[in-house]
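Below you'll find a set of structures to go through.
Two complexes, one shared chain (chain A), two partners (chain B, chain C).
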Partner chain A sequence: MDLAQLLNGLAYGALLMILSSGLAMIYGLRGVMNFAHGALYMLGAYLAYEVTQRTSFWAALVLAPLLLAAVGAALELGVFRRLQHRSHIEVGLVMFGAALIIERTIVLIWGDDTLPVKAPSALDGTANVLGTDYPAYRLLIIGVAAVMAVALVLWLKRSRTGLHIRAASHDTETAKILGIDVDRVSLVVVALGAALAGLAGVLAAPYFSVQPGMGQSILIMVLIVVVAGGVGSIGGAMVAALALGLIQTAGNVWIPSVAVLVPYLVAIAVLLWRPSGLAGKRVA
Partner chain B sequence: MHKKLLAAAVPLMAVGAMTGCGSSSDSGSGGSGGDGAPLKIALIPPSGGPLAVFGKDSTTAWQFAADEANANGGVDGHKVEIVTSQTDGTPAATVRAARKATQGGARFISGVITSPENGALQQQLPSMNAISFNTFGKDDALTGKQCSANAYRTVQNTAMDVDAVAKSLEKLPATKWAIQAVDYATGRTAAKIFTAAAKQAGKQVVLTQYAPLNTTEFGSYITKIKNSGADGVFAIEFGADGVAFVNQGAQFKLFQGLKSVLGFNMVSEPLFDALGDKIEGFYNNIGYVHQLDNAKNRAFVAAWKAKNGGKDPYYVQADAYLGAQTLFEAVKKAKSVDPAKVKTALDSLSFDSIVGQVSIRPGDHQILRDSYLGQVEKQGSGLGWKVINTVPASETQPQADPSCKL
Partner chain C sequence: MTTLLQLKDVRASYDGALVLDGVSLHVDAGETVGLVGRNGAGKTTTLLSIFGVPQVTGEILVEGKALGKRGYEPAARGVSIVPQEKRIFPNLTVTENILLGGASGRRGRWTVETLFELFPNLARGKDRPGDRLSGGEQQMLAIARGLMADPKVLLLDEPTEGLAPVIIDELIDALKVIQDSGTALVLVEQHVRMVQMLASRFVALGKGRVVAEGATADLQSREVQELIAL
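What follows is the complex of A and B.
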């Protein structure tokens, strides 16, 4: 695999990493798969379109995650907190319903057409990486993902809120007994998770395309990443996302006829040999 | 873990159970085939998903044709009534909606978008005593092994489109081609026919690769094309896949180094805004262009623009309008809206249409009409088509599909 293909795998894995980190955080704390995560990512991409039309892509990169954080807070207060004592299946169903509502609302507002979002002109061309011309925009995605990964892990390991998140994700009841305000922690986690989905949506807008099916199509990949990474483990999800991006790219290059099966084979293999995922129960 | 897997599976099953819910709006009452009976047409488009826009545009065109006919006293005296029933775009929901519409008196069905929906519907038509007009689904099997005595296709099928592209290959400057195709029947068939045509034209295919439907990341495929030494790309990628391929190809500067970029159903008017200037110079097969120079088309385009804010019709709207014209011509010829009589008229129908002279092939109920190769060019403030080559129906799959047993 040449350098360009290696970077292709890293870029795709980086985007999956940003998206799956948020999902893994919510899963780790609330114990339910947020099936609306793909819809939040889609909303981020459509907001990127709207903000880019009015101002610039860079403004979208800041504004869309902030707006998605507000949506995440609303989901926490309106759904997760109210249903925290209900079964996971019920919460999952509610979130699936929320996804359908969000996606349909987006179509009602922006229509069915595929919408264009241009990469910033400074990143529209290619950059030279060790003698290989490679799209500068993809390098931005890799860079943003790297910064996010370092910042998130440091925050979880070094900050007091991060400590509370790790404690609550490990054992909610014991964390409560020790005086941790789990509701507040959950509000932070769900808002941040939604913001990361929004960030991924903004970055994906010029990368893929902004269209009504984008949330559903990536959700399955992200679910595989979270399961393979370790239920609720952010670090595991990050490693799994990068690995899946690289494996998928290698599959496309070397075994194209069966490459489509690669993510599912990876998920099955991990569940068979290491059912708790690559990182097990570790949060960060 | 079991609970978690169950938690993941239950919503999916619930969605499966929820699919098929539809809503309908009825602008008329039932009818029979007698004198003065209305010509009642059921349209069954999808309400959501990436194809919903085509369902909406198809419905608009049928309503336009109905309004136009009614303003002139109906079709041979029969008032045209449109019943629209939206579905989720699944075959089961479409068949249910069709059955409900026929129970309400509609005997003519259209607006169904995808080939799987059309395929499922076609098998049920005889039991519904209804006739369908497929104006969008291009799968060859619909007029092949899945054909039905009650189903008619008024749009070119995939084989005709591929033949039109293959027969235009000599007009394109590239000599070493890479094929980037979607990994299902259409992509593989198109790649196979193109490869044979390239060989015949003295050109070379240096790479053939397939990407699964709904691929979003084309980086690895594009890198392989760049490394292949190709000076032309034949891309069979549709909808969002096509947009992603073009956008990412532009980011990789793929197209700057190529002599020809030829799309198959990849570039079309609804995507011009999304794709922008980067597709200027791209070639693509086209089934209809509003510039077609004949009296019927000029009148259609003028009337359409007058009613639609000066916007030209594009292929989905024009193909739906052609479907309506086919039905109306058959009703005039049959002098009845009785489906049996209309069917008899359709089986040997030939008429002057917005795309020139067309006829229904009796052996498989496929319409015979010209196909085109177009090139995207700047037109005014936007993009438009320049017709590079016209391939007559006699050169694109002129024989009925032998696997069709009517």
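What follows is the complex of A and C.
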């Protein structure tokens, strides 16, 4: 595997990392898998298309996560909060339905054709990385993911809200009786998780094609990342995302005929070797 | 004397099973009340009902004003709890666990530094994760966390359970300091000696009802002993 292929693995892993961090946070706090997370990512990509057509990619990079944060807040207020005492299966089914509604609405608005989103002109070419010419846009994805990871971990470790999130993710009832407004914390977490899904969607738009099936296909990968990382663990999800990106790329290079199976084999191997995932249920 | 906490005809149930059947009690400013009774009498549920953990009917008042149903409200109104089994967050350090006690935003006399003076063992392990502490240290941490919100009433649910006598003596010393600071205590305890040492008054529960109350000196009387069988 050469440097360019290694960087491809990192870029793909970086996208998975942004997406899975949000999913892991929501699971950690609400205890349910947000099956609409892929649809939120897809919405971010379509918003990137729309905003880029009208203004610029950079505007999309700011606007789409903000709009997705509002969608996340609506999901928290309309679904997660109302159904917090219902079973995980019930909430999971509702979120699955929400995913179908979001995806169908996107197709009704933008159609089912594949849509192009161009990378910003400043990043259209290649950059020299240790003697290898590599697409500059993919370096942006790696850079944004690195900044996001550092910022997220620092926020969780150093801020008052981060402390409340870490506590409530471990034991909601005790967090409440200590005076934490868990519903308010959850609003922040779900809105942030959705914003991160939107950010991943915007970054993915020029990298992959923007098309109706993109949400479902990446959701499977992100679920594997979250389970392999340790359900509810943001740190575990980050490590698992990067590892899966690299392993998937290595599979494409070395065993292309069965590379599609690699993520599933990784998930099975991790669960057999360490059923609680790489990090178990811990936040950051 | 000002009544800080009052429960009026409180009924509490878990999944439809009635655990408290019309409990009424009050706690005045600065006093310590022992809440006693057999296992399953409803002592822990009485404390948790203040935080809305079981389904509750009846009235719960803090300084004469009704408490809402939200579990995070009592801490902000000056009622903190040291729960049974400590409920320390294993993923947080000692300092972070203490800071969490101030989550309601209510602050006062107690700071991390003054709490480390009260419990020097915690100061020595301030960066250790909560699950790397001994049982006694975890209990001290749970009390320190409860004090961080500067409560007017601190509810302690079996604070000596499972602890060695030498650690219990340390805890009693700390609780006396807390009493001297003017904080009212509600002490759920199995040990009569502990209740008599710290409390001036007791309320005895049996099958979810108040079956006796009075001065702690009366705890040794035959009638009370038969009712609560400590």
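One rule holds in what follows: the second predicted complex is superposed on the first by the 284 of 284 C-alpha atoms of A that agree within 3 Å, B and C clash if a C-alpha of one lies under 4 Å from a C-alpha of the other, contacts with A are read in each partner's own complex, and residues count from 1 in each chain.
Assume a contact is a pair of C-beta atoms (placed from the backbone, for glycine too) under 8 Å apart; a residue touches a chain by one contact, two chains touch by 3 or more.
Values in this document were obtained by computation on a predicted structure and should not be read as measured data.
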Handout entry: More chain A residues in contact [chain B versus chain C]
Key = B
Exercise for the section: Quick one: classify A:Ile109 as touching chain B (first), chain C (second), both or neither. Expected result: neither
Problem - Partner chain(s) touched by A:Leu272 [first = chain B, second = chain C, both, neither] - result: neither
Practice task
Kindly classify A:Leu163 by the partners it touches after superposition: chain B alone (first), chain C alone (second), both, or neither?
Solution key: second
Exercise for the section: Based on the superposed arrangement, let me know which partner A:Ser257 touches: chain B (first), chain C (second), both, or neither? Expected result: first
Practice task
Answer with first, second, both or neither: which of chain B and chain C does A:Val182 touch in the superposed model?
Solution key: second
Exercise for the section: Please indicate which partner A:Asp171 is in contact with in the superposed arrangement: first for chain B, second for chain C, both, or neither. Expected result: second
Exercise for the section: Could you tell me which stretches of chain A are touched by chain B in one complex and by chain C in the other? Expected result: none
Handout entry: Parts of chain B lying in touch with chain A, wherever the complex brings them together
Key = 1, 3-4, 6-8, 10-11, 14-15, 48-50, 52-53, 56, 183, 209-212, 214, 216-217, 219-221, 223-224, 226-227, 239-240, 243-244, 247-248, 251-253, 270-271, 273-276
Exercise for the section: Within their complex, state which residues of chain C touch chain A. Expected result: 48, 51, 53, 70-72, 74-76, 80-81, 83, 87, 89-92, 96, 99-106, 145, 149
Exercise for the section: Sort out for me which residues of chain A touch chain B in the complex. Expected result: 2, 4-5, 7-9, 11-12, 32-33, 35, 88-89, 92-93, 95-96, 100, 104, 107, 111-116, 118-119, 124-126, 133, 135, 137-138, 206-209, 211-214, 217-218, 223, 231, 248-249, 252-253, 256-257, 259-260, 271, 275
Problem - Complex interface listing, chain A residues touching chain C - result: 163-164, 166-167, 170-171, 173-182, 282-283
